[in-house]
Each structure stands twice: as C-alpha cells, then as structure tokens.
Amino acid sequence: MEKVKVGIIVGSDSDLPLIQETTSVLDEFSINYRVTIASAHRTPEKVKRFIKSCEKQGVEVFIAAAGMAAALPGVVASETVFPVIGVPIPSKSLGGVDALYSIVQMPSGIPVATVAIGKAGAKNAGILAVEILAIKNTKLRTKLKWYKHKMAVSVENKDKKLQKLGVDNYIK
Amino acid sequence: MEKVKVGIIVGSDSDLPLIQETTSVLDEFSINYRVTIASAHRTPEKVKRFIKSCEKQGVEVFIAAAGMAAALPGVVASETVFPVIGVPIPSKSLGGVDALYSIVQMPSGIPVATVAIGKAGAKNAGILAVEILAIKNTKLRTKLKWYKHKMAVSVENKDKKLQKLGVDNYIK
Amino acid sequence: MEKVKVGIIVGSDSDLPLIQETTSVLDEFSINYRVTIASAHRTPEKVKRFIKSCEKQGVEVFIAAAGMAAALPGVVASETVFPVIGVPIPSKSLGGVDALYSIVQMPSGIPVATVAIGKAGAKNAGILAVEILAIKNTKLRTKLKWYKHKMAVSVENKDKKLQKLGVDNYIK
Amino acid sequence: MEKVKVGIIVGSDSDLPLIQETTSVLDEFSINYRVTIASAHRTPEKVKRFIKSCEKQGVEVFIAAAGMAAALPGVVASETVFPVIGVPIPSKSLGGVDALYSIVQMPSGIPVATVAIGKAGAKNAGILAVEILAIKNTKLRTKLKWYKHKMAVSVENKDKKLQKLGVDNYIK
Amino acid sequence: MEKVKVGIIVGSDSDLPLIQETTSVLDEFSINYRVTIASAHRTPEKVKRFIKSCEKQGVEVFIAAAGMAAALPGVVASETVFPVIGVPIPSKSLGGVDALYSIVQMPSGIPVATVAIGKAGAKNAGILAVEILAIKNTKLRTKLKWYKHKMAVSVENKDKKLQKLGVDNYIK
Amino acid sequence: MEKVKVGIIVGSDSDLPLIQETTSVLDEFSINYRVTIASAHRTPEKVKRFIKSCEKQGVEVFIAAAGMAAALPGVVASETVFPVIGVPIPSKSLGGVDALYSIVQMPSGIPVATVAIGKAGAKNAGILAVEILAIKNTKLRTKLKWYKHKMAVSVENKDKKLQKLGVDNYIK
Amino acid sequence: MEKVKVGIIVGSDSDLPLIQETTSVLDEFSINYRVTIASAHRTPEKVKRFIKSCEKQGVEVFIAAAGMAAALPGVVASETVFPVIGVPIPSKSLGGVDALYSIVQMPSGIPVATVAIGKAGAKNAGILAVEILAIKNTKLRTKLKWYKHKMAVSVENKDKKLQKLGVDNYIK
Amino acid sequence: MEKVKVGIIVGSDSDLPLIQETTSVLDEFSINYRVTIASAHRTPEKVKRFIKSCEKQGVEVFIAAAGMAAALPGVVASETVFPVIGVPIPSKSLGGVDALYSIVQMPSGIPVATVAIGKAGAKNAGILAVEILAIKNTKLRTKLKWYKHKMAVSVENKDKKLQKLGVDNYIK
C-alpha cells in the first residue's frame, strides 16, 4: 500500500497540532496520506484543486478539520463522492458546539461522517479512515483488530496496576 | 433605480415562503432583486454563476438563507466582496441554533451580516439591504425614515386602541 | 452485488419510519441490506449476534439509529472493525441533542461516523454507506456521481420553475 | 459488614482522582467496595465479568463514572438488576453536558440513577450508595443521620465564624 | 410485602398523568405506594409531614417529580436519609432542561437519583425504586430479572415481525 | 390605594394575552396599574414618556415584557430608579432562552428583576410587584399572606381529592 | 435608617467573595444588612430561623445566592412575603446556567427576582435591594439617582480619556 | 476619503482591546473612524448624541460591541437608518451566547448585522464595514479584492511551508 490513500485538509495552520492525532494513527497503520492547509472561505479553489489532485493519486477517504462556522468538511463533501470525515475543532467561546453543528447537520444528499470535538475526534478520524480502507484490505483489517486488542490490553494493564496499588497510591 | 440591486439565494424551494418576508420589504422600497434556488453543497457552481451574473447586473448586496449546517451565506461571502446578509432558517430538531452558529461564527476575513432566526430575520434582511443601499441614495434614506416612522405610528395606534379598550377587550 | 452489504440496527420499532429514509437510498443503489430491531440496553446479546451474523454474510458497513442516551451506535462500534454510521433520533424534550452528543462524542479509539439528527441524517447515512462501499466499486461510484448530478438537476429545475413563476406564484 | 457491597467502574484511569471523592465517603461509612478500570467500548467483556464477579461477592450497588458519550453506566445497568449510579465526568469542550445527557436520558426499562457532573456528583454517588444500602441496615441509617448532622454542624460553625468576623475578615 | 414501600410526591396535579407511568410499574411488581400532591414552594410543611408519615409507615424509597425550578426532589432529599429519585418534568419553553439541571445538579452531601426527562424517566423511576427494594428481597429480584427478560422478548418479537414483514409493511 | 402603582410595558400587542396573567394578579390585590404598548427599538421615546408620566402619577414598580433580543426591560431600568421586573416571552425558535439571557444578564449597575419565561413568569411578575409594594403597606402584606395561604389550601384540596379518588380516577 | 433592612443568605462560605459585591453596594448606601451562611439542603431549619429572625428585626428584602441546583432563593421565597432576590453563582462545568434555571424558572405563585450570573448579578442584587427600599424613602431615591449619575460620569470620563489618548494608547 | 465614515461604540473600556481588531482593519483600508465609550444602559443619551454627531460628520456605518445583555447595537439601530454592525463580546460564564442572542435576535423592523463572538467577529466587523462602504467606491472595492487575495496568498504560503516541512516539523 504505497499510494496515498487519505487526503487531509485543515482550515488553518493552528489546527495542525490537533491533526497530528490523526496522522499518528495513519502512520501507525502505514497508510500514506497528504495534508494541506486550505480554507473553504479564503481559498475555495485550492480546496477543489487538492481534492481533484488527491483523487488522481488514488485517495479514497478525505478528512477535514475546521472550527467555528466549519464549512470545510461540507464543501469537501460537495466536491467528491469519496467518504468525507469531519473533525469539529473547539473554539474559545462556544467550546466547539458551533463547529459540531456546522459539520454534522448536513442537508440530505451530502453526508459528512462527523467525529467528536477536538483531540478524541481527531484520533478517531484516523481510525475511521482506516476502518473504511480496511473493508477490502484483509491485512489492514487484521491490524485493526490487533489495534483494538492493544487498547483493551492497555485498559487491562492499568486495571492490574490499580488492583495492586489501590486508588490512593495509583493517583499519587 | 431600475437595475437589480439585491441578489437573493435560498438553498431549497421550501425556504421561499420565508424569503417572501424579504422580497415584500424590497418591493415596498421599489428595489429590484433576483431570487434563485441554489445549494452550496448540491450546486456550488450554480451559486458562483449566480453571484458573477448578479455582479455584472449591478447587484450590490447579497442575501442568503439556509438551514441546518447553513454553509450557503459563507460560501457566497467567499465569492464576492459585496456585503452578504445571512438568514438562519429554523430546523425541526434544533430550532435554528445550528443554522445560526453556521452562519454567524464565520472565521476572520470573511464576514456574513447575520440576522435573526426565521421570519423576523428574513424581514430584517430586507431592511438591512435597504439600509446598505441607502447610504448613497438620499431618496431611499428618506423612505427608510418614513418606514421607521410608520412602524412607530403603528405601535402608537395599537396603544391608542389599548388605552380605549383595555387589555381584556383588546385581546378578545 | 448480491451479498448483503449493510447491516442496519434500530433500537425500537418506532424508529422504522425514519430508517426507511436510509433503506430507500440503499434500494435506489441496489445495495442489499438487513434491518434488525435490537437494543443496546435491553438485548445487548442480540446486538452482538446480529453483528457477527452480518459479518459472516459479508456486511461491510453498519448503520445504527437511536434516540436519547443513544448507546447503540457506540456499542456496535465496540464489537466490529467495520465502519459504523450513527443516526441521532430526535426525542420530544431535547430535540435530539441528547442523542447527538451520545453518538458523536465517542472516546478516542472507537469512532462512530455521525450524521445529522433525524430524517436528513437517516438519508445521509444511506448515502455515506454507499460512498464507503463505492471506494472499490467503480460502478457504484459512477452511480453516485449520477445521483449527485440528479440532485443538482433537481435544484436547477426548481430554479427554472421559480424564474418562470416568480416567488409569489411558486409558493401558491 | 465485611463483604464487598459496592462495585465501582471507571472508564479510564484519568477518572480515578474524581472517584476518590466516592471512595472516601464509602471509607467513612466503613463500606467495602471494589474499583476497576473497564471501558464500555474498549473492554465490554471485562465490564460484564466485573459485574458478575461483584454480584457473586455480594455487591448490591454499582457506581459507574464516565465522560463524553458516557455509555458505561447504561451498559452496566443493562447487565444487572441491582441499582446503578452514574457519575457524568466533565469533558473539556462541552463541560460535561455530553456525559450528563448520555447517562441520564436512558430509555424506559433500564434506569441509571444519575448524580451531578464532576466532583459533587462523585461524592453524592457515594452517599446515595450508602442510602440505598442503609434501607435494611439500621446502623448505617443512624450513621447517615449523623453524617447529615455533621454537615449541618459544619455549616453552623462556618456561620458562627462569619458572625464573629464579618464578611471582609472571613474571606481575607 | 403489604406495607407501603414507596412515597411519591408530585408538585402539581398536572403531573399525575406522567406519574401513572411510575405507579403502573409499581403495580406490576405489587409494591405498595402512596402518592401525594405537595409543593416544595407552596406547601413545604406538607412535604415534610408526608415524608415523616411515610417513614413511619415503612416507606424506604421516595420519588419526586417536578418541572421548571424543580426544587421538590432536593427538598425531599434534605428531609430524609432514604434514597430519593427525581423525575424532571418537561416545561413548554425549555423542554425540561431547567428541571433536569435543578434536580441533578445537587450540591455535595444531598444526592438525588435523577432519571430521564418526562415519560421514560417516570417509568424508570418506578423500576429504579424496585431495584433498590429488591436488594434484600430475592423474590422481587427474580421478578425484576423476569421483567427484563420480558422486555428483551418483546424486542425479539418485534424483530421477528419485522423479519417477516420487512420495513415497508411493518410500518404501514 | 387609588393611585396607579404599577406601570406595565409590552413590546407588542401580541404579548397582551400573556400580560393578562400579570394584570389579573394586580386586580386581585386591587392595585391600580397602567398598561402600554411601546417598543424599545421602534418607539424608544414613547417608552421614556410613559416612564416619566408613570412616575408623576405615583408608579413605584415597572413591569416590562419582551421576547427575542428583549431590550425593553433593560431600557426601562436605565430610565428609572424604581425597581423594574422583566418577563421573558418565549419565541418560536429558541423557546425564550434568547429573551431570558437578554433580560437577566444585565451589566452591573442596572438591575432587572427577572422572572420565569412565559405564563408563570407573567403571573409572578404581578406577585413580585405586590411583594415590593407591600413592604410599607401592612394591609397588602396581610393580603399576600392570605394569597399564599389560598395557594396552599388549593394544593391541599387537590391532594384530598387525589386521596379519595386515586391517581387513575383523578386524571380520567 | 439604623434598622437591618436586608437579609443575605449564601449557601456556602465559598460564595462570600462574590457576595462582597452585594454588601459593598449596601455599605455605599448605608443600608444595614445581615449575612448568614445557611443551606437549603443541609440546614433548611436554619434558613427558616434566619428569615423569621430577620423579619422581626425589620428586614424588608432578602438576597439569596446559590450555585448548581440553586434551591436556596426559592426556599427563601416560600417562607416569606417580602421580595427575594436570587443570585446565580457560576459552577465549573455548566457556567452557571444550572443555577440560573434553578433560580429564575420558579413556578407561578412564588417569584424570585433573578439577576445576572456571578459578579455583575451580585452587585445588581445590592442595587435592586436599594431600589426596592427607596420606594418610600426619598433620601435613598436621591442617592440612587446620584449613584446612577456617578456611573454615567465614570463612563464619560473614560471616554474623555479615550478621546485624548486614542485606542492604542488607552489600552497600553 | 478623509471624512469620518465609521462610528464605533463600545459599552466599556474593557472592550477596547477587542475593538482594536476592528480599527486595525479600518486603518489598513485608510478609512476614518471615531471610537467612543458609551453605554446603552448607563449613558443612553450619550449614545444618541454620538450617533447624531457621527451622522453630521458623514458617518455611514456604525459598529457596536457589547457583552452580556448586549442592548447597545440594537439601541444604536433604533436611532439611525444607517447600517449597524453588532459584535458580541464573550462573557465569563456564558461564553458570549448571551451577547449573541441579545444582538442577533432583533425584532422585525430594526436589523443589526451580527458577526461572530469575540476576536474574529471584531475583525469581521471592520471588513463588513469596508464592504458596505465599497459599494460605491471602486477604489475601496479593488483594495478589498486585494485584501482577500492576500489572505489567500497567506494560506498558500503556510501550505507551501507545510509541504516542505511536514506536519511534525511545522508545529515544532
């Protein structure tokens, strides 16, 4: 799987730290991706060019992260028939509810696969992209099962530590 | 003032009854306008074509009404340097808060002049457009003052009726 | 494409009218699907059995619709590595915000692809499922482009009618 | 009362400091409890195993704390007929409203006894568990009355201090 | 179990239809209960008298339903050490969020076991009361398991009907 | 007490049915009042004139009811040093939260005594006005105690009926 | 005016810094007041005793400040016929909306005069109390006018400074 | 364009840092403006005087910024027929939703062109004012196009940097 499979768009460079949560998941699954900074409102043409260029390269899933009146994921969805995942970025005053509503409440016809606000959502956007790509890729699917297994093991290990130490010592 | 001055876009024909509140204000001020149905997500190119065509005809203010993840007003604003007025349309489940946030919370650089959710907002979009056009049009400004005066008189008349009838008889 | 490709779970039979929006999209794309009534809280084992049985049949995308403390989509996501689409169903008192938060705010590790509250979301869940299945199915992808085209044409036709009739006659 | 009476589940070790509010109440009433880290989404089987094991040990009340799309308390409630208390943990972006709705808005048939978001709720979960256990335990009930009395005395003492010092000196 | 075990208080007679959801559950489990109309704000003394009288009769769980600034459940909780279940009643303008916050956000020291807004919550209040009473009553616990089983069977039956009829015929 | 004691302002004649809740309370206490229709935004001068005229007549409390961006109560408060009671009127899309925030969140220096949204608030505005006027009027204070007593008796009577009929017969 | 005129109740000593905003206003108007710490839920009897004792001393206005499920102001209102002012105290997770709803949404019959959340509200509670007391106290009314005048002058002075310095220098 | 074209009003000097976002935009476009501190509630007459004086000087657009029960923009709009732009300022407890609702939900007849909460809104208020003034000023319109172009170039440059450095190095 050497081709670029995921196209990621952030509306501003201030969103890059958050999107690292996404890219580190993709790295873990050895999935190639492209990241671009492009704005639905400031550089709409660039958004389109990126999508077309990605599609030519073989991209099969798009991820778009945006805050406030987060039009980006919807605009991407209007320009492609590949699935688009939207990540709402929290804003200072409304805590990300504005971005969540702007991304998830898409009118019928143009869906955006919305994930949680902020960090957890950015990570889950990566995992969701892997799940979508894994449909026809048994290797990737096996890896996903292993990934989920590791998460479970990590919970188990923390619990073992807790059973040994007790609550008070654990959190010291 | 025979040229078309206001370009109005609604995302769906179900928004037309609401936008009548806007057009009836413009009619009252004898301002020419065009109305189109075009969707930011379903027909993005049509939105652009309408804007360019409007600008050629002399349109100086745009009004865009949309519900849910109401991207339309922001998309219009990204394609023109003329002022864009956004009308949030109420949806069934969230009462229009989704549209309000999607329209008003524009990122810095691309403003949308947002008005109230629903009917009152649709009417005010018309009045705001007139106020903007009236800046360099003294006749229109005089009309606006007269319009405001009539509103005040209407309040006064209702109050006179109230003073005559009393609350109980008034609302019978 | 004769195999069942989409597994749909609703928490209650009162959600079936809404899910018809989803199934009619899948019908339009000739995608086979299964629908079951199963509750994350009342019949958790049934949910699991359905997922396992679906996976054996070749299901590649799950859709789960639920209202209130809508745990169903997350529970499905915890039991499979195939992508899970969640549809928030509006409740009487909170308008579906409870279901939306319960579905979209998944903790990192277990994503649910969330769509809009209610009818528009139910339809978009169908389209999103098609988009995911179309990644490796060029025929389906061509159909999707055609579907989007038809939506655009429908908007265009409404607009043509509007240009002919004007706002007042259109909404009569 | 040497048997374990309360089973406590947190979704993540980051919730342990909060749950200390709960355990310190139980300690104060000399009620034995078990705490485990287990996730409704990452380790659903572990959640079930814990519940079954607790029930065998004589646990009569469960407490589950979770944030975001907090499915854990509901999942616990679906696996037991003992009362389940749910503690919503605040998240960064939505302040815990997401967890509150996900916990309290349970569909009819599977109740979760929900307490306040965060610290106050965690403490009250402990007290509520004691109240439930005290129904058939007159000693515990007497202790509870004493506990409430001490709370009242503590308020009285603060007020006495206030009457002596005045507002300005009190808060210095 | 002939003694009165549950004391139910509603703030207004307009809440009685809702509380029928609660009493029909208790009837189903043959649990005796008392219902009174008493207001935290209009008849605070009556609330207290009811609680004391209930306690003398052997009541072990209280259920209080209230809307708007729903102080009733908290006031009951401040007067007893038996567990208190609070049911938020939806109001016209705020959909019950006001009652939910007023009931669930209790300060530390005085818990109220809060259930869902409206009908589902009223029913769950009954079930939660049974769960609490069942802790030391094996017969009641067996009945509860049976009750849960019946709920599961009802879901299974609906699903069987669905599998036979298909979605379209089911909802006709 | 023949002088006009309460000045009531509503922003629109559509608010009159609601304000009847207020006036019927004042009628019950034989308190004279004036009602006017005047708008903070459409007839600001009329608002001022009404206040000044009321003050000359001996008005000692103002009540202002408004919806949406409910500026009226605050504007009244800025023009008088007599206490101003604000009643938020529910709007279609936001349920009155807009009016509530616009009335209660007054900046420091200019308080508005805010009551509940809608009908209950309108009635309470009347009672609050009576409470304020009763401070130096022992007769009025006695009446208030009687009024509260009657409310309590009404609750008691409903409860008596309930004890006689039971829940099921009561609500038939 | 040497008698105690205002009775102030806070639910917790952590609310005292906020209530200083209230007391400093009363100090400025030389109005005597009493402050007590008493909890609607932990020390309901103490609340009542304070109210009765205040009424005997000549208190004519009550101010109650509380956070979360802020029952205190409503409980005070249920025990007196003097006007009660409620101050919502912000909580960590819900920003004070919980307290606001719990205080302002009083059922019809028992009003609480609600002011803004937090600091501004605490100050305004003091001013509102003065406005109420000033109804029959011309000296106090003159002082209030002077107080309002000083506020206006302070705004004027800041503006003069701004006109001299310009925005950039002002905020340096 | 040497005349003063924009009149800016802030309710408090604490809003000046935010309004610098507005004035720096106007400076960039060499548009003359006046800024004043004036309060709708504390100095209503000053607000009016400022508006009248601005209108005499040739001001054609007003910008008003306010927090909490933000009446200022609406009050300005009620006193002029020139377009009024409203900037909601975030408050501590409600994050600016209070100001947003108080500004955007204007009743029909008196529109306020509302922009985003806080910093982004303050900047956009400046740009919207320029857009309005540019309608009849081709030079200004050309500048606006250039301004938008620069924004796009800035996005492009950030993206170029990103393509060179990659996500990890970019955010170091």
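Letters A, B, C, D, E, F, G and H mark the chains as written, and numbering starts fresh at 1 in each.
Operating definition for what follows: a contact is a pair of C-beta atoms (placed from the backbone, for glycine too) under 8 Å apart; a residue touches a chain by one contact, two chains touch by 3 or more.
As the structure is a prediction and not an experimental result, all values here were calculated from the model.
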| item | value |
| --- | --- |
| Shared chain contacts [chain B and chain H, defined touch] | A, F |
| Same vs different contact residues, chain D with chain E, by half of numbers used | same |
| From the options B-F, F-G or D-G, the pair that copies B-H, where over half of the contact pairs coincide | F-G |
| Distance from chain B to chain A - Cα centre to Cα centre, in angstrom | 36 |
| Whole-Å separation of chain centres (CA-atom averages), chain C against chain G | 51 |
| Chain E residues counted as touching two or more neighbouring chains | 39, 42, 68-69, 94-95, 97, 104-107, 109-110, 116-117, 120, 148, 151 |
| Each pair of chains that touches, named by its two labels | A-B, A-C, A-D, A-H, B-C, B-F, B-H, C-D, C-E, D-E, D-G, E-F, E-G, F-G, F-H, G-H |
| Chain H partner contacts - residues on chain G that touch it in the complex | 90, 95-97, 116-118, 120, 148, 151-152, 155-156, 158-159, 162-163, 167-168, 170-171 |
| Chain F contact footprint on chain H (complex, rising order) | 11-12, 39-42, 44, 67-69, 71, 74-75, 77-79, 91, 94, 97-98, 101-107, 109-110 |
| Of chain G, residues touching chain F in the complex | 21, 60-61, 81-83, 85, 100, 104-117, 119-120, 123-125, 127-128, 131-136, 141, 144-145, 148, 151 |
| Of chain B, residues touching chain C in the complex | 13, 16-17, 19-20, 23, 35-39, 42-43, 46, 68-69, 92-95 |
